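Quick one: structure below, then a few questions.
Read from first to last, the chains carry the letters A, B, C and D; within each, the first residue is number 1.
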Amino acid sequence: MAAGPMKMRATLGSGFTDVRVLMSHPMETGQRKGPDGNLVPAHFIQNLTVKVNGKAVIEAQISQAVSRNPVFSFRLKGGAKGDRIEVSWLDNRGETNKTETAIA
Amino acid sequence: MRTVTFGAVLALTFAPAYAQDAKKEIQKYQQMITEGSPVELYELEGEDLWKKRQGPKNVSLEQCDLGMGPGRLKGAYAHLPRHFPDTDRVMDLEARLLHCMLTLQGRDLKEATKRVFGNADRPSEMEYLSAYIAGQSRGVPVSPGMEHPKERAAFELGRKLFFNRAGPWDFSCASCHGEEGKRIRMQDLPVLSTPQAARPVVATWPAYRVSNSQFKTMQWRINDCYRQMRMPEPTFVSEATIAMNMFLTVTGNSEPYRGPGTKR
Amino acid sequence: MTKSVLLGVAALLGACAAPLPIGERPRVNGDDIDQVTAVLKRDFHVRGAAKMDRVEQDVVQRTCNLYADSPPPEVAKPLEAAQLKAVRYPAGSLLGDWKRGQRIAQSGRGMQWNDKPGAPAGGSCYNCHELSPQEASFGTVGPSLKAFGRTRGNGPDMQKYVYGKIYNAKAFNLCSNMPRLGHSRTLTEQQIKDLTAYLLDPASPVNR
Amino acid sequence: MKQRRREILVAAGALAGAFLTGVLKPVAALAAVWNKEAFSAKDAAGALKALGAASPAASTAIAIEAPQIAENGEVVPIEISSNIPGTTSLAVLIDKNPFPLAGKVDFMEGALPFVKINVKMRETSDVRVIATAGGKHYVAVKEIKVTIGGCGG
């Protein structure tokens, strides 16, 4: 899949909220040869930001060592129904995408 | 077969602790990749394609009848393959989807089957659609058609195909999937002719394969086994492939569907 | 018969049809084999090196299919003898280069429709056999061949046996799961010699 | 529940573009740093140095949950967490990868020091997790074996 769709699921636990984000992204290392024998240029997410109700709570920097179509899970302290979670990414080509969900 | 099973039980009992640990760790790996699977992304894309107007008639597939009535998806995949009166053929999911593309959307066979198996960069329409539709059967017990004479004939043909040795390497499906407790490299080989081994397989295909980041369908799975058996290529949704699918699905029937799965 | 009787019989058959024989291997006869082969001819197609003649069964395959891989000795023995007679042993030493043999043992390529035609094939040995203790990723469909030369010896008779077994496993056990790697022209004479060395050479990791 | 955006916003310059399209608020944009020196380091020691964590202290309060054997190096799931009070960051290094540093995650108020992600491993290797708490660095190590899964053809 090309870089694009995202999906997020937030599950309220006791005292914390589990969040799982799925991202479509090739996460090309720049070291892999394509069918034509040439190296496929590096193309990977470098930054992930998680915000809760507009406030940043996680800033991640990642490398091409993260697998294709990344699945990123994290935990929020507490959490309440209706809290708005936003996850965005930025890749090495300057492409960006984001998704939002409210804790149900 | 009975003696083989007994042998396998003995082998397991006396297997060195190392092998037991390795097996446990590989199970853990399998579980963790399933938890961290991007498979839902494929379901989302498939939903879009299901609803997308396409073909000369510019209609979506939403009125496609997968056996539960036009547009009814809940549990439809779990009841495939089955006999369809309108075509008087036993069809699996991909055969039926192709049928709907041709009839509802007015597309031609060549165009619709030009690229049935995709790759990591560009999955195929069939793959996306299979992900979406299979996902609508989660929790529904796998119960393919087993009554109609053509359904029974498909099962019998699939069963014969499974054990049929041919090709330059003299392989049948059973050459690899015929004996308990065996593996190829590190990969355990389910004895697909037995219910206990077939059940978890049919309950989790189609599936996302982490080794190549690709979403794969049962038609592809059968196709790729025949590649490794050194045989010519099965034609997409041909009677032989549907019979194979029918044999596996009937053998593994009854467990609730829990796919699309995630494989190593 | 009248139409209603026919319908009645059909209904009866439908209602009383035996449950599908799940989990059992079917006994097949010659007609079944012909049916299956005809289906394969109709429903499969040529791709790359995989031509349609591959669906046709030779006498070994047909016999194993007919007897569910357990033919009685009076059927198996003459066929094994004929297979053995067709093994072509090269003149001179049967021991090639174990280092090349190791690469052949590791490779699972060859004869598939996506393999480059003309590119050397592998033997797929590790898919089914344990060989060198340094390779942890081995299959178990075939027996372990760990320390094969060290425990079995590596004299001329053993060399001849190993070469012959790789060339045509069916010459020794008619319905063996192992491909006939020489007979099918998957591997060349030199490649089989290299594999023989991989199994028998005292310097090979298989024997160390 | 379904949240998605189809439009991928490609900017001329990453950050400038993000500002222009308003996808990332200035706060996020400022924080969008990527430690090139650490990510380009070819060995674990170099990456640790570039992270300012040259000699972390061994700690049993860092948990690395991962399979000991991964059937495929393209996807190795790892779950990491820290019980060290005041943990503000977790970093993952895979010693034998061409560039060992796989990621560094900073946690602010509202997030627990817990992350699960799939990583690529070129071969069997030690996986090192560095936790930072109160300006100090701690480390835990786990070996993960990478094997060949199937027929290899």
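Operating definition for what follows: a contact is a pair of C-beta atoms (placed from the backbone, for glycine too) under 8 Å apart; a residue touches a chain by one contact, two chains touch by 3 or more.
If you're wondering where the values come from, they're calculated on a predicted model, not measured in any experiment.
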Task: Using the touch rule from the top, work out which pair, B-D or B-C, shares more C-beta pairs.
output: B-C
Query: When you take the mean of every protein CA atom shown, which chain's own CA mean is nearest to it?
result: B
- request: Could you put a whole-Å number on the gap between the CA centroids of chain C and chain D?
  value: 46
Message: So the centre of each chain is just the mean of its C-alpha atoms; given that, what is the distance between chain B and chain D in Å?
response: 35
Mean-CA-position distance for chain C and chain B (Å): 26
Message: Multi-chain contacts only, two chains or more: what residues does chain D have there?
response: 2, 4, 74-75, 79, 116-118, 147-148, 151-153
Statement: Among chain A residues, those touching two or more other chains are 5-7, 67-68, 70-71, 73
Interface hub residues of chain B, defined as touching at least two other chains: 36, 44, 184-187, 210, 213, 228
Chain B residues within the chain D interface of the complex: 21-22, 25-26, 28-30, 32-33, 35-36, 44, 184-187, 210-213, 228, 264
- line: chain A partner, complex, touching residues on chain D are 1-6, 8-14, 17-18, 23-24, 27-28, 31-35, 39, 74-76, 79, 94, 97-99, 101-112, 114-121
- line: Given the complex, residues on chain B that touch chain C span 1, 146-147, 149, 152, 155-157, 159-161, 163-172, 174-176, 179, 181-187, 189, 193-195, 226-228, 230-235, 238-241, 243, 250-251
Query: Mind pulling up the chain D residues that touch chain B in the complex?
result: 2, 4, 66-72, 74-75, 77, 79, 116-118, 147-153
Task: Going by the contact rule at the top, pick out the chain A residues touching chain D in the complex.
output: 3-9, 16, 29, 31, 46-47, 49-52, 55-68, 70-78, 88, 90, 93-101, 104
